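By written order: A, B, C and D. Residues from 1 in each chain.
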Amino acid sequence: MIYQYYPGCSLHASARDYDESVQGVVKSLAMELKEVPDWNCCGATITPSLNQLQSQILPARNLALAAENRGDVVVPCNACYMSLKKIQYNMAKYKVVREKVTEIFGQAGLRLTGMPKVRHLLEVILEDVGLEKIKQMVKKPLKDLKVVNYSGCQLVRPLGFDNPEDPQALDNLMSALGAEVLPFSQKTHCCGGSLITTQPDLAFQMVDSILEESRAVGADMVVVTCPMCQLNLDAYQDQVNRKFNRTLQVPITYFTQLMGLALGLNKNQLGLQRGIISPFKALEKIG
Amino acid sequence: MANKLKLAIYWAAACGGCDVAILDTDEKILNIAEAADIVLWPIAMDFKYEDLYKMEPGSIDVCLYNGAVRTSEQEELARALRDRSNVMVAFGACASWGGIPGLANLVTREEIFNTVYKETVTTINEDDIRPATNYQGSHGELHLPKIYDRVWSLDQVVDVDYYVPGCPPTPETIWTAVEAIVTGNLPPKGSVIGGTKSLCDTCEREKTEKKITQFKRPFEIIADPKKCLLEQGLVCCGPVTRDGCGHRCTNNNMPCRGCYGPSEKVNDQGARLLNAIASIMDVKDEKSAAELAATWEDPAGTAYRFGLPKSLIFDYKKGGK
Amino acid sequence: MSGQKIGVYVCHCGSNINGVVNCSKVAEEAAQLDGVVVSKDYKYMCSDPGQEMIKADIKEKGLDRVVVAACSPRMHEPTFRKALEGGGLNGYLLEMANIREHVSWVTKDKEEATKKALALVKGAVNRVKYHQPIEEKEVPVNDATLVIGAGIAGIQAALQVAEAGHKVYLIEKKQYIGGNMAKFDKTFPTLDCAACILTPKMVDVGQNPNIELYTSSEVIKVDGYVGNFTVTVKEKPRYINHEKCTGCGDCATACIMKNRIPHEFDEGLSKRGAAYIPFPQAVPLKAVIDDQNCLLLTRKKCTLACVKACGRKAINFNQHETIHEFNVGSIILATGFDLFDAKRAPQYGYGRYPNVINGLQFERMTNASGPTSGHILLEDGTEPKSVAIIHCVGSRDENYNKYCSRVCCMSSVKFAHMVKDHTDAEVYEFYIDMRTFGKGYEEFYNRVQEEGVHFIRGKGAEVAQKNGRLVVKAEDTLLGQYREIPVDLVILNTALEPRVDAEKVAQTLGISRSADGFFLESHIKLDPVTTTTDGIYLAGCCQSPKDIPDSVAQGSAAASQSLAIIATGKVKISPISASVDENQCAGCRICVGLCPYRAIKLNEETLRAEINQAVCKGCGTCAAACPSGAIKVSHFDNDQLLAQIEGVLA
Amino acid sequence: MYKDFTDEIMSYPGGEKIMACMQCGTCTGSCPTSHAMQYTPRRLISLIRANQRETVLKSLDIWKCASCYTCTARCPRGIKFTDIMYILKTLAWKDQLMEENKDITAFYSAFQDLIAKRGRMNESELVLKYSLKTNPAKLLEFGPLGMKMVLKGRAAIIPPSIRNQKQVQKILELAKERGGE
């Protein structure tokens, strides 16, 4: 199956580990990812706070570029996923958005020739490959590994593919890989990613309650589907510890990294060494 | 025979099949020739329009007009023939209800011209030349007929006495019509030569309560020859179509295309069919209905293959009510 | 169609129509129409003088057709039909143009409105020319009544019909009667014990000779029409001989599955065996064998301890389902409601935190014969120190049900009182709006406020667990502050929903449902008890969420509808019906499966469709679908409709 | 132009259902940052409907929205409050009504400038720009974390750019010319 890959800005920098594990996993699953040519930043949560029309035109350009090629657009980042889906939704629902985007595109030499389907990588893996096939492909089950799954916000809300309050996709996938999935009420509670720089006090509290519950339930690590969540929970853990007087050292891993391990890929190809909180000690359990 | 029948046969917007169908009556064509003097038949004999214009009103006994009215020439001839004929017969599906050319009413003349003179891959027409009604040639001005915005059935243009249905009419139907005319044993004005009931009535296929779970096209399945075709997902026009064709299609395991036109009590063949099909689609809600409907290839072309110009929304006389 | 004499009457409806439509102008222009001999406008056409005017014109001017341009025919068509009959004309020679609902109430521009009104009048004039006189039909009524559902509404209806001396077949899906009310403890606003007021009625049902009670039974087919329904009922095997069983419970004690299956009647708060007594006051008080869990029935392997324990040899595993057929004149539907499954709103933690319960579970908890013998207890067996009650879970919410479930405000207030009454706990009640509309309700709310309950105006948004304690997150909207309130027990007052099988029931009975999924009444204000199918009536929560007083009232109302047609002995059925032209029918069978009233059958000899005139409602579905145009609906045939369209467009 | 503030909000995609609010507070109760707000989400809706444009747009509360969409998912009346927050922020930004907050202004404009300049975002450059605009001492704060990121190979040293940057600039400019509406 051929897909169009929209990595988003992070996967070329702070989330390089995510990108590495994605590349490894999709190869094992015989999925072909072709990067959307010359894609631009989706605007994340910043542009929509500053200029409504700009926040529509930025993701729309990516869709226009993707529409030139075949295949669904696969997005690994929750924030990008939501931005792209939202512009699609708005263009379908609001005539005025459609008209404005078309008008500006016309002046900039762009044309929207179709509406490619936008899907999160997790969604594609679960729906197109399927749990049954993944189960059969597991070479090294994640036995004894206790995980909590953190879907975050924008994967499931407001246009996501899973239950917005109690998503199941990640749980099902991790169980299929052999990990023990612990109950986790923070699954979809926001990590404060968009506030971490400007209002760290607010964001740190949010990070803390996620990490603290993961500790309380006895998880070896938190599994994430988004580079923003990973960065927030991983890189700021030290500062959060300092602020709340804790000694948490919870590794934050991408679902693709664990998937890669279970499918028998080489540890070093999955970017696991790039975690600020190293996951290796926790991973000793699975050998 | 002293009083040989004066017969005119004219070909308007049609494929020519109706003319061929007359020849298809085999040896009976001789009987026709024996009974009738053909005063006009462009496909078979050389006549000029002036010959026709010279004729007095009533000098033609019967005119068999095949084809729909699409151009100014066809309208002019329809009126000229009507003026001179005692009996005007709409011959074949196109003359009767507009026929396949009538499907052009789904689009505008402009769209058709764009497709033909501009958009098809094989067209090179850089100067965007379009059909014109006048052309100044080196030998003087030439005139071409005007193509109308829509297609008309014959009876929307002139008064019609009888209808001979079919695309084309079967030899049996043609012979029944000719026999009636020759013997003077004519049905009431406005009659359609054919059955009165629907094809479904005489169809011997086994019928049960109907539900359509999926629409199929004839090439997609080998239909069970004993069972109702509609129940097998093939859109068969049998229920809304006049009997009298001899079941040629259904006997050969093909769904009825509806060329004998609406049966006696059906006022709009296409609408009736759409209504009936919609009623038996096996669906739960709007969404599943839309999904199932999407599997029906070209519903307008199927339901109105022969009768669009005579459908309720198009049915009015050319040049007023 | 020439030579007809048509009278046109344009009604002002006070200023309702005339305020927007120029009625005299409409009347003037209508006078010019072909066939119209009289055209008048008048202030209130439906008044006596208005009707008299029509009658007089019919007699004096020899009118043979009448058009009334006024309100909806739903409102006044019967009125004007009678006026025509009073003048000596058949009532069906009337056509109404609705220039109120269709014009004056929905059009602002006066000129446009007048134009539109005239167009509708032209259509009506054109149409009425094709009208034919039709005679109404009368059929006799069977004096038995079927009641489906034996909750409080169904019981009330059944008792009332039976006490009037008529036969009632009472059908209940469960093994016992009483419905949801039987599970309750106290009832608002008087705090009567539910059992104390319901049990006597349940006993009456069991003893009334006019009531034939069928539990474990479902209606699977309904044929016929008002006055003459034939109903097929399936009675499931109970594996207990009711003649012999005394309800002693020895089998329940013996069952090897004892205490292993969540007990539905206790909403899962207690466990039972595969053989059990539903509850101590059950009617009928007989043992039940649960065929989903009985080892013998599911795995064909069991020690048969129950059989050995039963001293009266009442257990019989060879029972099969039985089919019954009843002839009745009317049907009362009282199938009740389902409770919203709070797991559908995971943010409230139902199913995840054991101390989050729903309202019915709380009822069982406080019920003296319930799983905790009337004590309000946490999962660990201790009493809660603080309790939260959350309103509107699944109600008033676009994500679940848009409607207000109507009983939850009052039941929440009652829960708060019960907690206060049984424990020393603090009670926090989270509400959006407090709706205490019934008799004595506001007073009850006032009383509970004074008992010291904390009423927090703000919808409980989430239930979380923090440091081992439940926390309710909400905004105290009157403070304008976000609050997290730690509690030990959360009661979710969940929505009342249509029964999960409501669609199936609606199809079996040929009735409709409204957008919210409850069964649809004929008129929400003026006819809340009847359905659009004559002879089928609604009672209780199957029509919309209701409290006990309203359910009882509607049960009585439905009974009086049944009794009314029994008393008349015959019913008029609408003469507007479909008929088949045998010469045109091709026997294609498209119509057969479509008829919502099952009035059409294919005559296997002639291979033509046949319509049972008594059953046909004249809905026109078959006529629209008939491909050969063989089916005609009287009063709505093609000539009439096309003439009307032409008139409107002219 | 607009009849009132409500009318203005309703003219933007996502703002149209604001009159349906029944003031139940589900939004506030679901919001992870409402505890820190003077005007809770529900109150903001009230203030909008009371035509208190300036009070609302001045308030820094609207910049506390974390865009988690929980309010939107749970609103029983189908109001897309996260979208309304975005609308409020864009209006405050456009009309320059917001209370002064260097952190917010600097960070948001640094991000926006970067996209206009390169078409893609680069965290290292973003943090650098942001720190220089607010307080260069911040670099010390970010320093240790930045170093770790560099060591783990998670910082792009060479800022990424896209080929047709002109096009991105053009569409951003055109959108700005049209007032962002």
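Here, a contact is a pair of C-beta atoms (placed from the backbone, for glycine too) under 8 Å apart; a residue touches a chain by one contact, two chains touch by 3 or more.
Since we're looking at a predicted model, the values are computed, not measured.
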Which contact partners do chain A and chain D have in common?
-> C
If you average the CA atoms of chain C and of chain D, how many Å lie between those two points?
-> 49
What is the distance, in whole Å, between the centres of chain A and chain B, each centre taken as the mean of its C-alpha atoms?
-> 61
Gap in Å, rounded to a whole number, between the CA centres of chain C and chain B | 53
Cα-centroid distance, chain B relative to chain D, in whole angstrom | 65
Can you list the residues of chain C that touch 2 or more other chains?
-> 347
In chain D, what residues contact two or more other chains?
-> 73
Send over the residues of chain A in touch with two or more other chains.
-> 165
Complete list of chain pairs which touch one another = A-C, A-D, B-C, C-D
In the complex, the residues of chain A that touch chain C are 163, 165-166, 183, 185
Inside the complex, what are the residues of chain C that reach chain A?
-> 345-347, 349, 352, 464-465
If you look only at chain B, which of its residues touch chain C in the complex?
-> 196-201, 203, 207-211, 228, 230, 238-240, 263-267, 272-273, 275-276, 278-280
Residues of chain D defined as touching chain A within the complex | 12-14, 32-33, 36, 63-64, 66-70, 72-73, 80, 82, 86-87, 89-90, 93-94, 101, 103-104, 107-108, 111-112, 115, 119-124, 127, 130, 145, 148-149, 152-156, 160, 162-164, 167-168, 170-172, 174-176, 178-181
In the complex, the residues of chain A that touch chain D are 9-10, 12-17, 38-41, 43-58, 61, 82, 90, 93-94, 96-97, 100, 104-105, 107-110, 153-154, 157-158, 164-165, 188-190, 192-195, 197-199, 202-203, 206, 235-236, 238-239, 273-276
